[in-house]
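Residue numbering begins at 1 within each chain, and the chains themselves are lettered A, B, C and D in the order written.
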Amino acid sequence: MLSFENDYSCGATPEILDRLAATNSTQFPGYGSDDICEQAKAKIREACGAPDADVWFLVGGTQTNQTVIDSITPQYAGVVAATSGHVNVHEAGAIEATGHKVLTLPAHNGKIDADELDRYCATFYADGNYEHMVFPSSVYVSQATEYGTLYTKDELERIAEVAHKYDMPLFVDGARLGYALTATGNDVTLADLARIADVFYIGGTKVGALFGEAVVFTHHGEFSGTPRHFLTLIKQHGALLAKGWLLGLQFDTLFTDGLYLRIARHANETADRIRAVLREKGYTLTFDAPTNQIFITLDDATRTRLEAGVRLGFMEQADADHVVMRICTSWSTTEAQVEELLALL
Amino acid sequence: MLSFENDYSCGATPEILDRLAATNSTQFPGYGSDDICEQAKAKIREACGAPDADVWFLVGGTQTNQTVIDSITPQYAGVVAATSGHVNVHEAGAIEATGHKVLTLPAHNGKIDADELDRYCATFYADGNYEHMVFPSSVYVSQATEYGTLYTKDELERIAEVAHKYDMPLFVDGARLGYALTATGNDVTLADLARIADVFYIGGTKVGALFGEAVVFTHHGEFSGTPRHFLTLIKQHGALLAKGWLLGLQFDTLFTDGLYLRIARHANETADRIRAVLREKGYTLTFDAPTNQIFITLDDATRTRLEAGVRLGFMEQADADHVVMRICTSWSTTEAQVEELLALL
Amino acid sequence: MLSFENDYSCGATPEILDRLAATNSTQFPGYGSDDICEQAKAKIREACGAPDADVWFLVGGTQTNQTVIDSITPQYAGVVAATSGHVNVHEAGAIEATGHKVLTLPAHNGKIDADELDRYCATFYADGNYEHMVFPSSVYVSQATEYGTLYTKDELERIAEVAHKYDMPLFVDGARLGYALTATGNDVTLADLARIADVFYIGGTKVGALFGEAVVFTHHGEFSGTPRHFLTLIKQHGALLAKGWLLGLQFDTLFTDGLYLRIARHANETADRIRAVLREKGYTLTFDAPTNQIFITLDDATRTRLEAGVRLGFMEQADADHVVMRICTSWSTTEAQVEELLALL
Amino acid sequence: MLSFENDYSCGATPEILDRLAATNSTQFPGYGSDDICEQAKAKIREACGAPDADVWFLVGGTQTNQTVIDSITPQYAGVVAATSGHVNVHEAGAIEATGHKVLTLPAHNGKIDADELDRYCATFYADGNYEHMVFPSSVYVSQATEYGTLYTKDELERIAEVAHKYDMPLFVDGARLGYALTATGNDVTLADLARIADVFYIGGTKVGALFGEAVVFTHHGEFSGTPRHFLTLIKQHGALLAKGWLLGLQFDTLFTDGLYLRIARHANETADRIRAVLREKGYTLTFDAPTNQIFITLDDATRTRLEAGVRLGFMEQADADHVVMRICTSWSTTEAQVEELLALL
């Protein structure tokens, strides 16, 4: 059946499969200590305009969030995130499993607000009992957010500024970073991110790879570079892939000739076409978001009608008679799939 | 200086000091395996009307919350609490340090609502992604709450009913249980609690003891009795007192001749007198609460004036010009202290 | 350069790459809820002669050990393993990171002894202070071991018997299970393992897959079936692959037409050839082991000479002048590579 | 019945009970922020000859070991201890519960050896796979040890030297420090300890207090001072006593007029008398130890005979017919008790 359920329902870009086939008999050293990984890291540093950044490859998003947050957040402290943040909602308590509380701020279309972050911290440190409370000691945001929305460069800079004011590194979950970088209206480049964030990752799983997330530790100010013995921390969190070159190879491919951005842009353009039709036909878009995720509020009858022909993602019950559903395009969405969906709408 | 800052600012009831002196040279076996502990447990079981309950002694409240919640909550799961719950706010992340998320419900004067708990769980299990989320698997409430308010018997029964419907034990934090049991209007007895809750504790630290909390695991339905190897779990959490008889001795004393309730009632009566004067003089009581904690909303000038003569507890900034302060009586509050406070008001 | 460094230096069996290419555009539901995973699980159950076993797919070995052990070991308890066990030595503390102590028994060529396990537990429970100690509550063995040796069926049955006597599930790390099942002299079949162990896994990473380990929870006696909400536990440990069908597809391929055993047998036969030459030429084999790992004790000069031509694995310093090195064959070792190595020897 | 079972079977020195009675009605601020705590800390600093040391009060030994080790050991790392170390054997996995492996060295009469520590670390860092292993990152020793033996100043200095060479702070468990400081032949003073160790504690529970351990963070070299937000870490570990002045008051008493050393010396002298008789009568002393713990190896008949008249501590089965038992004196041992014991022997 036709599916717009999520952006990780297909394998990988053909270029990656070709590279896998071509290198299948080559013998590589393990755990990412191979040349392809080095080459991929160099390309990512170049794409980030950050020649001194440290790049690490992990397998999946929750794993990456868990390993990074546990590594950058002191043991007496928690990480600040939007109530809607993936780490707060959909990671089965992976952050708490490593001992850290997720401290939540209100989500505004999936985004936290720098002023609210500032007030949160100011209130915290003004509290006579703050030593009995969980220190806010790192900040987590998603770009694009879980609702497909984007932070502007100005918003991210403000958040970073407040974060640093209170001695917190800023961590950007980029599981869908490709779709953010190439969305209409986006003004945050990879180089901006490398300049603003202390650590972020470039999602592969949802943007053309079989799996893989590239973590970038940047070098500025207090939170400069990679936490000590990060390889050991990756291993300890069960996140070190034996055949590490598989990760390097995928990212090397994605960061050759602009492939990563090209396939991401395709997903956004496809989503834009669908959004235009949805608006034209009077559907209610739940969020005004420019990336590959489209959230629509449907009455039950319409939901039933659509789900007869296409798999969509169920988000939540909006009220007694309405639900929020997600239409998700991806790098692999085909023209035929779009036509079939538009016909259904 | 005069202090109504909290209810743990003095030593212990004289009866306890006398017992300490009388037994000081007696040799006891360690870790609570002594006769006084057994005798104290028997008295607590009797006071609870629960002849088959298991009683354990720990040193402090956060320690008890951490040890109990970690023991009754499966590792894949979290504990539900009010946003204002002590475990959520003032325990420095002790719950998360053991791997469990605190899942919050709105606090209504410090209390959670059974219907909201029901909806929370219903929504959770209706979510297609609930296996990626933190299961609500135990429920924490405080009696009296952190705001001095009380659950009625009916409210507790409803919460227990919903908790059990969703396979969750109900845990009652009774750090201030004495003040709850003896408050005007309270309709929840120790026996009720032992019948309704799956596990609760009787606070000593704030009600007449130097330190100590008596945990009671009750026996009904699915969550019957003490978690396996609970003594080892206490030890593992660093909560096993070497000279365990000190705990037994204190609770034995408190549960002899009704001492526990008598000294708690004194604190409530004292608070009632102060409340009456506050109302008479037009002070704003922040919460309508019948126990030993009185919260008042003060303008800055009044705060300054009062704090010149008495130490109060600072709770939070209410708005730009007002704060919420706490006046706390206790088992040890003297007539002279009350007079001095009333004069200041 | 020629490499016999480890058994995870190449991609995957060509059959797997073909399947990846053939299904690359197919849309699958996420997280292993797809049909290929179901089909692979059915084939594994069949191969195990265990129609009611539960099968789960994870990405890597340390991750699997961490997730399984944390799930089957009570929170007050530890896991028993050989001092040389992977979980004790080479997982960067992944077990302890989840709160469990690794309790060690002597390693006899990598293996624990059932009688020693029995004595360990008997001594434990005879100790008056055992409630202050870490309970032995699960048993971990590797088949093949980290030294390439094998447990006999009788040995495993004895260990299981002792484990069950003391209320411990037996967990078998099968990262190299293929090489065990097909070794000369092995008498433990997959069906034996499913009958003897409470949970084990079938390693893919080291036996023909790009990555992947198939965990099998068997159904007998007290430790029947999968721990509750294991999918959530996998997610919480950061071990849930978004594109779960990639795991199913690989194991489906490996368990079609006996591929898994066939490629494993190849590695063993290759190792046997090398072993014969080593013996012939007077090399010292550190362990008498029949699987794909060959450990040799070399003087420094010989080491230097060999390492000029081939990458070997360094194990440990044997004494001031000797080292233990590992020659590792695998499913992917070619005739040409063997010839080249033999020439070097 | 007469008991020489342990050194924590009685209440407290009378001076402490008197102070408790005298201050019982005084109102103190909570959590150790009172003047008596400050005064006690000043006296401890003075006794240590360490005017810039940081002093903290916790309730019990396991709790202190857990909180300190978790605070000084990086999350990727473990703590090195003797196999016989309390943290390795008798704390129910409290260290592992916070995520850290206990890395063991052989115990020589309860002590580790500096050269073995050196070799352990050298071997660790020489291993090509050390990034996959648990880093040794702090060192734990007990003074006196669990077997009543003592490190000499020279031994401690050598251990500290090796520890610092490998970037590890040295932590000394002083649960029985009083008995070490006053033992015949001891050459390590409090000032020596403050100069050599990075952090240590002065045990109160076993030396005259109802409960309490005073942690001293010293200031030298790399590991200077208290870990950041240590009060919050204490709270998070459930180890912060509400009525903190009870700890200050006890240590203030113990460190007034040499009381701590005086009562500890009494226990040692008593033990010396018992040791002399034991030797005279041909008993087998298991260890040659000068402090308040006497270990004797008994045949079963003698054990039965003795235990008819006195409670002793059971340590372990020595062989089929012999056990190791402990005779423990303490600050509270009376002349009458000694006489009664000697008559029994």
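Here is the rule we go by: contacts are C-beta pairs under 8 Å (C-beta built on N, C-alpha and C of every residue); 3 or more make two chains touch, one makes a residue touch a chain.
Just so it is clear, the model here is predicted, and its values are computed rather than measured.
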Partner chains that chain A and chain C have in common: B, D
Between B-D and A-B, the pair joined by more C-beta contacts: B-D
Chain centre separation in whole Å, for chain B relative to chain A (CA means): 41
Centre distance in Å when chain B and chain C are each reduced to the mean of their C-alpha atoms: 49
Rounded Å distance between chain B and chain D, as computed from the means of their C-alpha atoms: 33
Residues within chain B bordering two or more other chains: 75-77, 91-93, 97-99, 131-133, 232-233, 235-236, 240
Chain D residues within the chain C interface of the complex: 75-78, 89-93, 96-102, 123, 126-129, 131-134, 314, 316-317
For the chain B and chain D complex, residues of the former touching the latter: 3, 5-6, 8-12, 14, 17, 20-21, 23-30, 59-63, 66-67, 91-94, 97-98, 205-206, 210-211, 232-233, 235-243, 246, 311, 332
Chain B contact footprint on chain C (complex, rising order): 31, 70-71, 74-77, 99, 131-133, 135, 228-229, 231-233, 235-236, 240
